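A, B and C label the chains in the order they appear, each numbered from 1.
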């Protein structure tokens, strides 16, 4: 069994946004030499996501607006005023911990014949909900 | 290390609905000859899900009604009228991309002693949110 | 290829709550002897979750309050009165099946150099949404 590990470092210059990391994950698969296996891609942070969807700019706007409705930003810590208890720690990212659960922490992708075994439109995204700082994504590949 | 790949093709004759694919995944595990390993099952599309829950007809109605509340269908592309920017591409499935994120893209199931290592009520479902066309689910098994 | 299986049994003495199971999963990794591989951790039930987030008490309160807003508890089975069709089976946990989908069934974690390959704040939680009874979490490890 072979294994390969790669760290992707990125910084989203905004509170929230999406970065298409598909080609960097493809690089990791090539580097691994794995022909048949599994590829795990996960955020190493708890206020951001890795997920698979479509590379389409309107959709990315839809996600941000929808997530803002599902778990609105509020810097306060009083739930009766729309705040989050978590923000009593001095953070203002209570909403980001919730948004990340909706979008997910990780994806697992099959590797077949040395390539990501993807449907036509599948692309891997890093989803940031508490940005303006360096973050890391882990790629771990096992197989043969 | 062994690996096995199987494609499940299905068509849901409605905009949205669920298909229990547990037995087909069990077939794939048997075909693989793997006794100890992991089984990835994922939608190859970005408007549908693979998830694990209960085979109960009322629950399936609950999921559809709940998802419609969380991310309502709207064929328009104007967010101020409940539409989705994604629909400006000519699609009408902006809501389906959101519903899919709530329900998830994939499941990873343990294989133990040659079988899916499941709790009593666990069943694998394909969840369709933009149906009336052929779709594919990927099963990838690795192990020994 | 090595594999290892461990069952974690737990009981949350409330309808809903979270249990940090990180150290128990670390024990399983040590027991496995795996140095490079993948570790699957999943609920074996369909009204509870395994997820990764922060060990912070305010955040846990935020999750419970937020999930109650996204999928409110209601023991009834009439959707027009906020109930769930699923509850017509005699259950009162329709809401728990929905909450579990938001928080997820499973996590897959990389094992590198014999340890969980985690970011600074990542912790593994069991999330209960229909408690007061024994439940099981499965840990399955494969690698070398």
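By our rule, a contact is a pair of C-beta atoms (placed from the backbone, for glycine too) under 8 Å apart; a residue touches a chain by one contact, two chains touch by 3 or more.
What you see is a predicted model; the values in this text were computed from it and never measured.
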(message) To test your reading of the model: what rotation angle superimposes subunit B on subunit C by C-alpha positions, in degrees to the nearest 5?
(response) 120
(message) Could you classify the subunit A-subunit C contact as same or different, where same means more than half of all interface residue numbers appear on both copies?
(response) different
(message) For subunit A versus subunit C, what separation do you get between their C-alpha means, in angstrom?
(response) 20
(message) Touching at least two other chains at once: which residues of subunit C meet that condition?
(response) 1, 38, 70, 102, 104, 108, 142
(message) Touching residues of subunit B toward subunit C in the complex: what are they?
(response) 1, 36-38, 51-54, 56-59, 61-63, 65-66, 70, 102-104, 107-110, 112, 117-122, 142-144
(message) Which residues of subunit A touch subunit C once you look at their complex with the stated criterion?
(response) 1, 3, 5, 38, 40, 42-46, 70-71, 77, 79, 84-89, 94, 97-98, 100-102, 104-106, 108, 136, 138, 140, 142
